[in-house]
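Structures follow.
Two complexes come next, and they have one chain in common, chain A, joined by chain B in the first and chain C in the second.
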Partner chain A sequence: MNAVLPQLTLEQWDARYAELVRGGLREPAYGGPLSRHVEREGDLRLRQLRFDNSAAALRLWNFLLTENERLRAARDRGDRLVGTMKDLGTVPVLAYSLPGLRAFYPDGAWWTPCLMECSDRLLQQAEALGIDASFCPVRAMLGAFHSEEHFPLPDLLVCSAGAVCDDFSAIAQRLERLGQRIVWWEMPRRRPPEAHEAVCALPGGLTAPQLQVDVVREELQRVAGALGELAGHELDAALVAPGIRAANAVRRQLAALRATVYGAQGAPLPALEMLVAEMLAVHFCSDREECLGVLRELLAEAQARVAVGKFVTADDAVRIYWVNPVADLRAMNLLEECGGRLCGTEFMFTHALDLIPEDLPPFEALARTALADPMVGPARDRARRVVAECRRYRAEAVVVARIPGASHCPWESELIRGQVHAQTGLSAVELEIPPVCDALLPTLRTRLQTVIEIARTRRKS
Partner chain B sequence: MQVFCASPWVPVEWIKAHSLKPCGAWIAPVPESTAVPEGVCAFAQSMAALAKTQPQAALVLTTACDQMRRAADAVTAAGASHVFLFNLPATWQTPAARRLYRDEVDRLGKFLERLGGHAPASAELKTVMSDFDTQRAKLRSFIRRGTARQNAEALARFFGDGAVNEASLESERGQPCPRFQPSAPAADEAVRAPASKGSRVPLALVGGPLLPAQWQLFDAIESAGGRVVLHATEPGERNLLPPLPNLAPDQSPLTALANHYFDHCVDVFQRPNTRLYDWLGTRLTERHVRGIVLWVHVGCDLWRAEAASLREACGSPVLVLDASDIHGVGLRDTNRLQAFVESLQ
Partner chain C sequence: MISAGIDAGSRAIKVVLFDHANSRIVGQGIADQGVEQQRLAEQLYERTLREAGLERAQVQAIIATGYGRNAVRFAGTTITEITCHARGVHHLKPDARTIIEIGGQDSKVIHLEDGGRVRDFAMNDRCAAGTGRFLEVVAARLGVDLPTLSGLSRQSRSPAIISSTCVVFAETEIIGLLAEGASAPDIAAGVQKSIATRLISLVGRPIAGPVYFTGGVALQAGMVRALEEALASPVQVAPQPQYTGALGAAILAARVAA
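Moving on, here comes the complex of A and B:
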């Protein structure tokens, strides 16, 4: 049995950091010891997490945790900021095609209550503004806009509407009522083409009627008009094409990372770092070039570990496929503590992972990609992808994370679990994970241990 | 063939013109009481149940909310074949949204043909449109005189089967129509005899689907000393289209119909939902409304999120009532209503 690479506490990372610096570590401008984020930003949750011990992981965490700081610095340099909401992966491709624009997701504030262990009081602020705990934790975004203490207020807000989560749509509408002007764009509910309709192939092996693609393309052109106005420079197809190629460079890197980590015999990188790495795809964590560098280093680390057979979990760890992102990052550590390892994910933005077609007119390509969003289509399409990836990565069980208050979860979880079980025979368990899950840890642990135990029993039979 | 329709924004004239029988889902048989999973809207779940209990009928759901979209997923996964999910655009200010709506009307037509309906000639559609327009005019006239509950019944009848029978409505004044009797034992034992009309507090009832079994709400409001002067749940006045404009000789009636629905849709799911506030603002002022009862199905984020905005925009107190059960109105809600009205007196 191989020795398992240790995952480090925040304290241990300080010692490791000093060791790396002594060894000649070269860091980007946003580098530094991880513990400073607790002291400066109040990211208290870091004290409860276990981290990968590589320099690549250090860079990843520092990149993630300095996003607000980097956005402010960009604005000081004269960049204009675009708050893109809900579409998770499409509008940023457009925004980063223009010089001087930076796009970020205010939606990302949903992790702030977790990172700050609710000391930010964003959820209470959202409640005071009329959005209570019956809504998904993304309501933290409302508090962040109100307090202006987290991300800088964007110069332009863009939000997809239509076949999107009601929680988000309702919160964004409330935001507009509170005075933030929003450019809404229509996202139809993806459906299979009918016999009389022209069929359009989408990334991810999906299809849609051409007329839906036409609607989205027209809407994205309208959004491009607003972005161009903000940048003072028309955003035409000639500019979007290189933007798509640059986005695809990031997506290719991530695809290689996923294939390396999820396909490996053991887990060369922990579940938590993989969650963060995948999240980079949606808007490059506000810096497209640096994002590519972060992912390259992670991939190199993963490949090196696979080459020498060094992993972060035991050889017999059960291969778990994970559906939906978690509101509390701690849950990803818990998976490994219970004897599992990640072997695939469906974090609700697979359309931000798939390559954008480069052989089509740019707006058409982007429209097709946007329509491949797993959340705008039927749950059976999501389930089909989960099943395919479970087979590809030899999953032994499936975890469906339920997002508290999210309007899609009560229906969707059951459908996905049912379809996965029917087609693969795999056990699937549902876990509801709030922004700080400490109080539920015993229950979550028991449920995870049970599904892992069942998977182990199946190995023997 | 009956075609149950779960939204007032799908042109029922188009269904009727195909020689099929449009039927508002609000008056569909209510399924037996079953446990509603946490976070699921009881109305959406009842639509999923309807597909199972009425397999001989067709069901038109819309994409207006996540709950309905997911209910459509569940119904399809369960093997129901006569289900159509109508894509209602959330935006309304662009040619793309208008085109999307019109395309859906065309697609609905093909679905109706597959059910056995026949594609109507323009003249047939015009006749049906004119009939519905006449009925709407009658209804508008009636609801100026009727009591709140009578109006709710009249609206439900119209959105149920397209009919408005004024004589019948007048004769049943004050009596719940037998067809719409609550199916569950009334929780309204706590509801007292109506107070005198003159001193009642004028209220607006705003929100999502209100089913016949829930009409006790009107009695509860009356008993508490209030009076609903604006009924803006679903189906309600909010869903009543204005008169159709005259058609130009060369104008396609279907295009006119689709445009009419698209232009007069007033709902919470629209982005931005300023039309809803414009529509409410005028009427709340005209009718001297002093309080708003917001009727919200459990799991309905779209309406629930509006409570604070309604308070701010309309300047009226808002009482949120949670509709957790499609079979009636709970005692807790009755008590809350009483306290709300008392505080406004």
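Moving on, here comes the complex of A and C:
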């Protein structure tokens, strides 16, 4: 059995950081020891996490945790900020096609209560603003807009509506009522084409009626008009095409990273770092070029580890396919603590991972990509993808994370688990993970350990 | 070979000593759970060994299971209670396909494949309203112990309707029902019905039978009746239902020792 690469506590990372610096570590401007995020930003949760020990992982974390600074610095330099809400990956491609615009993802505030172990009081603020615990933790975004502490107020807010998450629509409407101007764009519910309709192929092997794609394309052109107005420069197809190619460069990098990590015999990178890395696809963490650099370094680390057979889990770790992101990052560590390893994910934004077609007119290509959003179509489409990836990456069990309050979770989860079991015979467990899951750790551990025990028993039979 | 299974549950600790050569239980014991979980488990283990006429050295493997399994440090390893209950019930009743276990702080439904392998499981652990804790709260409110509560429900003519999905609010409802003159038997039956109803969604449809009921709550005959009515399916009580988790652990210990 190979020696397992250690995952480090925050304290251990400080020592590791000093060692790397002594060894000549070269860092970007946002570099530094991880523990400073606890001291300066109050990211208390970092003290409970275990991190990958590589310089590439250090860069990933520092990139993630300095987004607020990056956005404020960009504004100081004269960039205009665009908050792109809910669509998870398409409008940022448009925004970054224009010089002087920087898109970010206010919904990302849903991790702030976790990172700050609720000391931010964002959830309480959201409740005071009329959005209580019966909604998804993304309601933290409302408190963040109110406090203006976690991201600068954007110059323009763009939000998809229609066949998107009910919770998010309600929260965003509340935000608008509180005085934030929002450019809404309509996302129809994706449906199979009827016999008389022209069929349009979407990324991810999906199809939709061309009529729906036309609607989304026109909506995106309207959004492009608003972005162009903000930038003082028309956003036409000639500008969007290189924007798509640049976005695809990030997506290709992520695809290579996923294939390397999930396809490997052992796990070259931990589940937690893979979750963070995949989330970068949504809006490039406010710096598309740097995002690419972060992912390149991470991929190089993963490839180097695979080449020498060094992994972060034991050789016999159970291959787990994970559905939905977790509100508490600690849950990803738990997977490895219980004897599992990540071998695939479906974090609800697969349309931000699939390549945007480059051989189509740019707005048509973006419309098709947007309509492939797993959240705007039937859950059976999600289940189909999960089943296919379970087979591709030889999953031995499936974990469906449930986000407390998220209205889509209860019915989607049941359908996905049912389809996985019916088509692959794999056991699928559901875990509900609140923003700080400490009190639930024993029961979460029991569930994960059970699914791993089931998988191990299957290996023997 | 003799092995031991220790089920450190939230309400009680159970120990089973199993002789693999004869495939039989050679000792068993039960004690209340408490704050000093390690010490209580050790005391019970020693007592069970003594009563069985065995020495520690004769036990070749120990597995701990249950909510407090990690506190049992003298065990060789731990296995989850789901796997252990499944193994224990399968040993006693090889035809079992669905197991319902209602414990002190959670309830579980375990689906088995041919050969007793766990196919899938579902747990309710977010609310005490579907667990044995609910029965304890109600028994305390009615001023009776748990066996008496079970007997009371048998006298019910019209089970009270407990509408709340939360034990805390349900207790408030019970106070209201008592104030309205509802009888203790009707309240007891109403609570059992409420717990059973909450389990239906965990069981799923169609129900794969035979269904076995295990865990300490399975000793409550009224609870068995309530489950049968809610599921519209026969429910059989596993032999010695409090011990199936510890039994499964003891049986699995042989595999670990090998």
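The rule is simple: the second predicted complex is superposed on the first by the 461 of 461 C-alpha atoms of A that agree within 3 Å, B and C clash if a C-alpha of one lies under 4 Å from a C-alpha of the other, contacts with A are read in each partner's own complex, and residues count from 1 in each chain.
We adopt the following convention: contacts are C-beta pairs under 8 Å (C-beta built on N, C-alpha and C of every residue); 3 or more make two chains touch, one makes a residue touch a chain.
Nothing here was measured: the structure is a model prediction, and the numbers come from that model.
> Sticking to the clash and touch definitions up top, decide whether chain B and chain C on chain A clash or fit.
With chain A aligned, chain B clears chain C, so fit.
> Where does A:304 make contact in the superposed view: on chain B (first), on chain C (second), on both, or on neither?
A:304: touches no partner chain.
> Where does A:410 make contact in the superposed view: on chain B (first), on chain C (second), on both, or on neither?
The first partner, chain B, only.
> Regarding the shared-chain residue A:174, is it in contact with chain B (first), chain C (second), both, or neither?
first
> Thinking of the overlay built on chain A, is A:238 touched by chain B (first), by chain C (second), by both, or by neither?
neither
> Of chain B and chain C, which one touches more of chain A's residues?
The partner making contact with more of chain A's residues is B.
> Contact-wise, after the overlay, does A:446 reach chain B, chain C, both or neither (first, second, both, neither)?
The second partner, chain C, only.
> Check the residue A:454 against both partner chains and state whether it touches chain B (first), chain C (second), both, or neither.
second
> On the A-aligned overlay, A:185 touches which partner chain: chain B = first, chain C = second, or both, or neither?
First partner only, chain B.
> Centred on chain A, what angle do chain B and chain C make, from Cα centres, as a multiple of 10°?
One gets 70 degrees for this angle.
> Contact-wise, after the overlay, does A:421 reach chain B, chain C, both or neither (first, second, both, neither)?
Only chain C; A:421 stays clear of chain B.
> Give, as a whole number of angstrom, the minimum Cα separation of chain B and chain C in the superposed three-chain arrangement.
In this superposition, no C-alpha atom of chain B lies closer than 7 Å to one of chain C.
> List the residues on chain C that touch chain A in their complex, please.
Spelled out, the residues of chain C in touch with chain A are 67, 79-83, 106, 115, 117-123, 125-126.
> Which residues of chain B touch chain A once you look at their complex with the stated criterion?
Touch list, chain B to chain A: 37-40, 63, 65-67, 69-74, 76-77, 85, 87, 89-91, 94-97, 99-100, 103, 107, 110, 269, 271-273, 299-302, 304-309, 312-313.
> Can you tell me which positions in chain A touch chain B when the two form their complex?
129-131, 134-135, 159, 161-163, 165-167, 169-174, 176-177, 182, 184-186, 188-189, 191, 194, 196, 211-212, 215, 218-219, 222, 378-380, 405, 407-412, 414-415, 418-419
> State the interface residues of chain A toward chain C in the complex, per the touch definition above.
Contact set of chain A toward chain C: 421, 427-430, 432, 442-443, 446-447, 449-450, 453-454, 457-458, 461.
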